[in-house]
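I am attaching a structure below and will ask some questions about it afterwards.
Going in written order, the chains are labelled A, B and C, and every chain counts its residues from 1.
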């Protein structure tokens, strides 16, 4: 009982931290692009919730996270307004490096949860894994599209979606082996996040295609 | 009876005028970008109906306005073909200035109606207001994304979404106070549109973020 | 019996060939844009299935083609990995010219099937035809948006969506005349594809708008 309360609290804390990391990536890009305050809020929200929302539209699931937990919209609004008052781009760039670690946690958590939601709908494994990848990586893709950039996830050669992809397959495998859902989720999230940490730490990059 | 018929007719006339104003913003951008006739029609349609359609996809509502009133698609097609025969970009630029006023009406009307549709689904107030902003402002955002620009609404520092945001909160407040829906809608629309008119008239702009 | 088995096989073979042609257009654009392997897979998948998926989101239909036939995702993954190992951009450019013909088949088939799906939902004719156009042309539009280009379909003056539009109306007309669905579909697909072949063969282009 007591243990499970701690675990549940830990899960919520990690998810909140990871969502903030995603949001800050939007805040930083909005600042670099010299967007106005409206643009800052929209791009920040898109980076934080775009991936999960796109997944839910594709899976025809409602309510979205930011509808079920609408207080998050207030948190993001406060974050954006606070940042515009107190921060400069260089502060955010320092933050960006620090944010790589919670961002890796987000990659692991959100790819595992996206994959599990799709498996629970009875979708094929490859589709479920793709939904995990979309949850983890497409907030950033939408953020970059709106900011008129080729999405970083598609051309920076740093394995991100690939780590989410592997994490998703771990969940599929563990589920097929009959593991309890919590154990399967935790393992998949740790593998996804761990791979990303190794990627960042060792500076691993994807092979180039000399097309 | 007679009064309500006039009001209803007035409402339809304002909505049609505002939709045309949105459509013309798409026509003008398509012309500036030298799109071909297919691009002109698609960008015009996106500017006119993109915001409401995105809201309806998010709220899982059907039918879309342009499905329930499919004659609008013929009107837009005729508008685009007529414009390509008879207009030059400079005509459209003159029109753009004139169109700011019906566009402000659209901002008021569509933010109020988008907010109300979301409230009627029992969504939280902040989500409902966001849906109003999406209805009013995201046709233009989609228009600019397709034309490979950073959306004007996110970086031109002219309060647009902000006026829609305030209008939406007026609707939420009036509804919470138990006003009749027509009165709440009308007040919210007038406040949203009126703020935009003041913004244009006084040349008010959003604060800069020296990020 | 025997005839209908051949026809059904022929239909599947044509649809598969056309989907591959769409996928290759994504592969080529990803290669030109120097995307990384993740970007190659995502843009290829978007070009292959983006149009049908957008149509299904708008029509609120599930499952998507790539969910019902998830083996296609494996085929695309294998195609992308194989291409990155064995192909160069110049190979793909040769392929692109050869791919114009199966791409024209895709235009005909997918505009006819998209139009028919919408008619079967009881939607107005103009909306149904638009759904056919979206099915045939919007995979390419999404591919180009993600690659940070103005979509080719909107500004290259080569009639593509227009051929899909005419094919859609042929289906609407044949259905209104009470033709059996197979005959209506086949005729519409042949007209749409045939028009595109004539366009490519004669080098027909859309009129310019000296805006």
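Methods note: a residue touches a chain if its C-beta (ideal position, glycine included) is under 8 Å from a C-beta of that chain, and two chains touch if they have at least 3 such contacts.
Note that this is a predicted model, so its numbers are computed, not measured.
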item	value
Same-residue or different-residue interface between chain B and chain C, half as cut-off	different
Chain A on chain C, rotation in degrees - Cα superposition, rounded to nearest 5	120
Chain centre separation in whole Å, for chain C relative to chain B (CA means)	31
Two or more partner chains touched - positions in chain B	57, 60, 145, 148
Interface residues, chain C side, partner chain B - complex	57-58, 60, 123-127, 130, 141, 145, 148-151, 153-157, 159-162, 206-211
Complex interface listing, chain C residues touching chain A	30-40, 42-43, 53, 57, 60, 62-64, 66-67, 70, 73-74, 84, 87-89, 92, 145-148
